[in-house]
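Letters A, B, C, D, E and F mark the chains in the order given here, with residues in each chain numbered from 1 onward.
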Amino acid sequence: MRDHIVQLTYVIASVLFILGLRSLTHPDKARRGMQFAALGMLVAVCGTLVNHDIVDYRWIISGLILGTLIGYPLGMWVPTTALPQRIAMSLSFGALAATLVGVSEYYNAFHGGGGDIETAKMMALGFEVLLGSLTVTGALMAFGKLQELLPSQPITYRGQNLVNAVLFLGAVGLLVTVVVNPAAAYAFYGMMGIAALLGVLMVIPIGGADMPVVVALLNSYCGLAAAATGFALGNSILIICGALDGASGFLLSIAMSKAMNRSFSNVLFGAFGGGPATAAIATSGAPVRSISAEDAGMLLAYAQRVIIIPGYGMAVAQAQHTVRELAEQIEKRGGEVKYAIHPVAGRMPGHMNVLLAEANVPYDRLYDMDEINGEFPQTDVALVIGANDVVNPAARSDPASPIYGMPILDADKAKHVIVLKRGMAAGFAGIENALFNAASTSMLFGDAKASLVKLVSEVKNA
Amino acid sequence: MMILELYIFVLAAFVGFMVITKVPPLLHTPLMSATNAISGISLVGSLVAAGGKHGQVATILGFVAVVCATANIVGGFLITDRMLKMFKRDVPASHAASKQ
Amino acid sequence: MRLAVPLESIPGEDRVALTPDSVARLVKAGHEIRLQAGAGVRAGFSDSAFAHAGASVVEAPSLYEGVALVCRVQPPSPGEIPLLPEGIAVLAMFAPSRNRPLLELLAARRVTALAMELVPRITRAQSMDVLSSQSTVSGYKAVLLGATALPKFLPMLTTAAGTISPAKVFVIGAGVAGLQAIATARRLGGVVSAFDVRPAAREQVLSLGATFLAAELVSHASETAGGYATAQSDEQAQRTRDALTGHLKDIDLVITTAAIPGRDAPRLITAEMVSGMKAGSVIVDLAAESGGNCELTRPGETVHANGVAIIGPLNVPATIPFHASQMYGKNVLALVTHLSRDGALVIDATDEITGPMTVVRDGHVTTS
Amino acid sequence: MRLAVPLESIPGEDRVALTPDSVARLVKAGHEIRLQAGAGVRAGFSDSAFAHAGASVVEAPSLYEGVALVCRVQPPSPGEIPLLPEGIAVLAMFAPSRNRPLLELLAARRVTALAMELVPRITRAQSMDVLSSQSTVSGYKAVLLGATALPKFLPMLTTAAGTISPAKVFVIGAGVAGLQAIATARRLGGVVSAFDVRPAAREQVLSLGATFLAAELVSHASETAGGYATAQSDEQAQRTRDALTGHLKDIDLVITTAAIPGRDAPRLITAEMVSGMKAGSVIVDLAAESGGNCELTRPGETVHANGVAIIGPLNVPATIPFHASQMYGKNVLALVTHLSRDGALVIDATDEITGPMTVVRDGHVTTS
Amino acid sequence: MRDHIVQLTYVIASVLFILGLRSLTHPDKARRGMQFAALGMLVAVCGTLVNHDIVDYRWIISGLILGTLIGYPLGMWVPTTALPQRIAMSLSFGALAATLVGVSEYYNAFHGGGGDIETAKMMALGFEVLLGSLTVTGALMAFGKLQELLPSQPITYRGQNLVNAVLFLGAVGLLVTVVVNPAAAYAFYGMMGIAALLGVLMVIPIGGADMPVVVALLNSYCGLAAAATGFALGNSILIICGALDGASGFLLSIAMSKAMNRSFSNVLFGAFGGGPATAAIATSGAPVRSISAEDAGMLLAYAQRVIIIPGYGMAVAQAQHTVRELAEQIEKRGGEVKYAIHPVAGRMPGHMNVLLAEANVPYDRLYDMDEINGEFPQTDVALVIGANDVVNPAARSDPASPIYGMPILDADKAKHVIVLKRGMAAGFAGIENALFNAASTSMLFGDAKASLVKLVSEVKNA
Amino acid sequence: MMILELYIFVLAAFVGFMVITKVPPLLHTPLMSATNAISGISLVGSLVAAGGKHGQVATILGFVAVVCATANIVGGFLITDRMLKMFKRDVPASHAASKQ
């Protein structure tokens, strides 16, 4: 009976976890969903506590309390900017837990009174400990790099790949040994040590900016370790959660390297020798942040106030109709959209007016520079569509600039600026634009019409 | 009969892939911290190790594992929640504002 | 059957009753066309183009030889009537309510007169409906005339030299011409509002993206079965005037097209309303021909009052002669096809289409 | 500083150099404005509106009392020059290349003359650029003039009386006026193509949804640093003419705006090309003032040749006086702000903007 | 070892089945995907044949051959219009197989030498046979109704619901009995009989037009029966396939009743007393087929040649911009779109021209009536947007009609006609339009703009 | 340990729901016939019944079950394939045609 209760709580918890992750598809429902997942965790833990095997609750209670005391500040007080390192640290905790469980199982089997251990279980234990200890040290290294306790530059030396390969083969050899002969404790602990070393060596040649990919990948390893634990203990919730983590970590690391315009293997191995710290198409050295249509769409979908700044690029791309569609989609979701028309946007007086009128944008959405400039600080997203000179802050600040003195649209004062352009080419005045390098600016590269088509569907599906 | 467990693993991985491919990139960071928190499920194994009658070594290892896993779970879910809070829009309020 | 197309004699009438493509179709259908030399030149169709289409280009004296039906745009002048062979039929826009004496002359000459504007407005007869086709021209041209006369831009323009706010255009009477005016003014970038008394007009105005003024003034009583408007009661008219007075203060360009068939155009804009308008505004009164919708309109002239220009253009379709003729010609083509049976002209007074449009027949004026 | 705004003396010049809203801004900035009574009336701005904005409305004799700068649209006539106090500065569109004798007169009177059209076309000076602002008006109006004169519709219409095919519009010279003409003709529904010699023009034409003719004729050599065009070589000109000849055969409405600063307008359309065009076509030659892009153009007149009407309008911006004045006034406002330092007029010959536009100074004509 | 091979083939087969079903999301890939699923089936069957328990292959081989001989004509020669009845029949085959396996298991346990049977297994067997035999007869009834061997009208009598409820409770009671006392063979076979009776009684009161919903639901039951078989035999591929079938059948029956504008329970129980045979907003008695935006979108997405016929309704809805978007989406997928402009569409000469020009539809896409009428017979979809009189075939055929003699657009000659309208209201001429009742016509009801917005996203995502 | 089987059932149902909600309505009929074909998997059970040494009755029942299930599978996949064939567009051909 008790066993059935335990199993039932596990089934419930699994379902809640899956539903929780699924809720992340919709930002609106995500929070609720994750709260249910947390509830699922509670259910599973409570279920476990009624387990037959547990006879002594003292260590358990103290462990839970201590863990909570450590976890709470990690969750509540860490600034969101420090998130990646926090995840890395917490990852190493999780992996440590899995590793220790594995070690204790192994230890019990030979010292705690148990006799032998069947092959399949030994294999699972071996995998668990191998992946676990690799993740423990790897995650710690990632943490160090992200927190800048360690130099964030890639550390490389000749023959690095070779050394790693040899170590990896060594660990696998020991794994095979211990599976064949479970009593070979030296092999078990040796494998653990080599894996820990490998964790360190694998991460040091990767630059700080690529760390998030590494963290995601380690997350996947940690999940696989948990799944292995599940196989070893015959515990299906561990298998399910491990599989979920493994799949998600893997997908995430691929998605992230894609977002950085890097191939996955390039992140993991290419950085040997020091790749660029950030993926950037840079002008005159200053870095530029590019953004994907998905992310830009999400930003727009959840923005309250959006100002669209059309420029000559919108005309060249003949994107006026798509601009209106995008505005309609944002408004449908409750956002407010205004158009800021600069007096000399485009190449003829009234250029933007003709095009937007053609696209049926009502006149009362169009705002003069003077009318709208005061609103940028309260604006969530300024969407710059193929405009350049008319939003160049140099006109305000740089007396040496040929456009100094021209009044401009204060797009740079908005909370986020998204710029749609094909590349980093200059506008009519032929000068660089510091707005594109600003911290609040993200560039969505590509033909304005094509980018807008993507944005429309992203906003629609957000 | 580890074969049944293999089924479970395959099916769960399927579910994981299908669910996660649909998560928009903006939520990738919360997703990472959420899966990280969920990986704290190894607490379930740790509890048995810490509370079982397998001798001192196992108990100590189990205790450390419980601490780590708990910290992982508590911190993970809390921070995920904090992040997701930022995506909750006060839609009624905005509507009220725009109607003024 | 043999048809004749004379050169229009009224000054300023540049249209021609058939164009080469309609001629070609008629010839193909077995008809014979005699065209007076030079008839199409002012509309942009050379004699050679007609000849090429199969018409015989002839000089005036021999024009009517063996002809059953004369196709014209304007009715013949009294001086031309004696030239018509007796018993011949003439197709033209006779404007019968204003041209009684002329009809008597035609009756005396035993000429059958078919008034193009009396083609009934039934679905089947749409292709013969010259009121629709020529009103389309008027509505379009009225906006061009108004925009040209206006000291302002129609569209909004944001420029380095300040922002130009868009002109406000108001169209009174949303029939065929009014709707076309609305569409044209919207194209040019004006902010367009419109007014009509028929309830169906409101949706039609909105369907062109313009706004409708004072929907509450609309009443179902204002629409006849044929879709035409009826005259308003005095009280209604007063309320209309009140609504218009307020609205006009703000307007840059007014296009009026209100008409009630067979009556003088309703007087909708009084001198007082004009004096309340902004200096520099323009009124184009398409109803000038039937007396004008504005009290100050003088047909064929442009009046300036209080800085407001009131343009009363006459015979507007003739100012776009090429396309106006093309459409008129298509209408005539459709009608001729309807009227001919086995190659002979059949004027059947009981026919749903032919009946109403026959205004002179057998020596009698048959319209009231 | 005290400014004067006289009533324009040239016939047909309905614009005024400042409008009430610019006046109000200048007054707010501490300037004093003296306006000749009636100066704004023809543009639609009453004296009382100016007075309300803070100007002193005065009669002619006292206009220049204590005035540092006279703001005009057109240069003063020779008869008006003696009325100007010595040492005063005058702002106007002097057209220096065509008005040398007048400048000599001004020099003799020791008047400083600032030519508005010589404001350099740099980004910073865009708000003072009257060429841009007034060309915008011309480009728009040229299409209205052309569409009004055309015996055809511009837009396509599918009607019960046949389908009207859209008019083909061709714009030569895609500068400010040309682009505006393209936009306006597209709005009205015409099928628009354009031609220019500057390479940048092609993308700009496409950005308005029109097509570009003969991109292969474009060369980078045809563009100066300031974005103006240079004259074509003879061989280039011949190739251009060949391309145009073929294209024009098909065109209903031609708008020409080609200009080369300081020179006569290039002759792009020969009499022979005109004779190859369709009867009923219309050419609007915006370059009429500087000799015309068409050989047959007679400035200020409409010529008919082979059924083609060639309109050579003069001073087109003055026909939309309200908005043309508003933009001109904004340009003047920006320039005055630039010229005044601590309330005094400063004409700094070394200044990037003031330098090039000062055409008469210290008794000398400083332009070549 | 052999066992492992069997299991491995099962894992592979499960994955192939899932991928196969998933491929149905994309019509382009669906065929390939289902071929892989069929391959999966082959793999699973081959795997099973190496099973230890199988000692005699004669019956198996003959069974396979006979089954193939029956299945091939069922698959290749049945006309696609007879699909629902074919599925019903095949369903009853599948359910029969599951039931027989259950019976044979039960029989073996007591007669074939086996002794007792454990409770969980008995429960699984009970469910299997209950659901199986219910499905066998239910599917046969559905087949009969669809094939019109039985009257397709609902057959009802007073107290019908009560009788069914009593029978159902009886079956459940017997199930409990046999679970408690597995040896109670009378209960086992009795339950089977009652379930078979219930299958008949449950289907007879449902009308022929609602049969597809019933078939989908029975499909779900059949899946559950297979899953129960899996539980009984400890065979996980049966569990997986059963669960897939159960879920899909359930979702499908809900989706189908929604598409019919009926609630699910209304289909199952409401029809008692005879609901409408087809869900239709009918004019003057003639039926009208309505279509969902999804289906209409799919039709458009896979059409080669589309002709759009705009009318006054497009103007009223101000849908011109959305029309262009839709055309662009169709063209992006390789379809060809033309616009057919009737001379008197709308309410003023050139009404459609003005609006379409505003939406930037190029002139060369607009075709006159005379130019395009010949093309309708080769057209896959004629999309009628708020037009009515201008596509009314009465103008061609009915001399009594007020519009007789007006030339019209021959939309009715296209392979499919989709009409976007708000309801069944008449147009300007105030007369009914037989086009809306034509067999090739489907009505997409709703404001034209709203419908088009949906179509755009359906076509985009198709 | 039927609990593992329960997991499998739940996870498979999940996968089923997630996969099937994304199938467009136009493919609902093929989907129905595809799942119908897949449900022929009970052949796997029938084979054991027909080929096992459990006596005549079981063999006969098994034989009938094999026949039914096989017919189901063969017919089901074939007809699904026929239906899906209609959705395959000969895209290159159409392009070629439109280019003429």
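Operating definition for what follows: a residue touches a chain if its C-beta (ideal position, glycine included) is under 8 Å from a C-beta of that chain, and two chains touch if they have at least 3 such contacts.
Just so we're clear, the structure is a prediction, and the values are computed from it rather than from any experiment.
Chemist: On the document's contact criterion, could you list the chains that touch chain A and likewise touch chain C?
Modeler: D, E
Chemist: Can you list every chain that touches chain C and also touches chain E?
Modeler: Per touch definition, common to chain C and chain E: A, D.
Chemist: Of all the other chains, whose mean CA position lies farthest from chain C?
Modeler: Result for the farthest chain: B.
Chemist: Looking at chain C with chain D, do both copies bring the same residues to the contact (over half shared) or different ones?
Modeler: same
Chemist: Does D-E or E-F have the larger number of C-beta pairs in contact?
Modeler: More contacting C-beta pairs are found at E-F.
Chemist: Nearest whole angstrom, what separates the Cα centre of chain D from the Cα centre of chain F?
Modeler: Whole-Å distance between the two chain centres: 77.
Chemist: Which integer distance in Å separates the CA centroid of chain A from that of chain B?
Modeler: A distance of 15 Å separates the two centres.
Chemist: What's the distance between the Cα centroids of chain C and chain D, rounded to whole Å?
Modeler: Distance between chain centres, rounded to whole Å: 38 Å.
Chemist: Please set out, as single numbers or ranges, the residues of chain F touching at least two other chains.
Modeler: Residues 4-5, 7-8, 10-12, 14-15, 19.
Chemist: Where in chain D do residues touch two or more of the other chains?
Modeler: In chain D, residues 126-127, 132-133, 136, 155, 157, 159-162, 164, 187, 189, 209 touch at least two other chains, as defined above.
Chemist: Residues of chain A touching 2+ other chains?
Modeler: Counting only residues that touch two or more other chains, chain A contributes 14, 18, 236, 240, 343-344, 349-350, 354, 357-358, 360.
Chemist: Quick one: which chain pairs are touching?
Modeler: A-B, A-C, A-D, A-E, A-F, B-E, B-F, C-D, C-E, D-E, E-F
Chemist: Which bits of chain C are touching chain E when the two form their complex?
Modeler: So the residues of chain C in touch with chain E come to 122-124, 126-127, 132-133, 136, 176, 179-180, 183, 186-187, 203-204, 206-209.
Chemist: Tell me, which parts of chain F touch chain B in their complex?
Modeler: Within the complex, chain F touches chain B at residues 1, 4-5, 7-8, 11-12, 14-15, 18-19.
Chemist: Provide the residue numbers of chain A that touch chain D in the complex, in ascending order.
Modeler: Interface residues on chain A, with respect to chain D: 312, 315-316, 318, 343-344, 346-351, 354-355, 357-358, 389, 402-406, 428-429.
Chemist: Per the contact definition, I'd like the list of chain E residues that touch chain D in the complex.
Modeler: 341-345, 349-350, 352-354, 357, 360, 363, 366, 368
Chemist: For the complex, give me every residue of chain E touching chain A.
Modeler: Touching chain A from chain E are residues 321, 324-325, 358-360, 457, 460.
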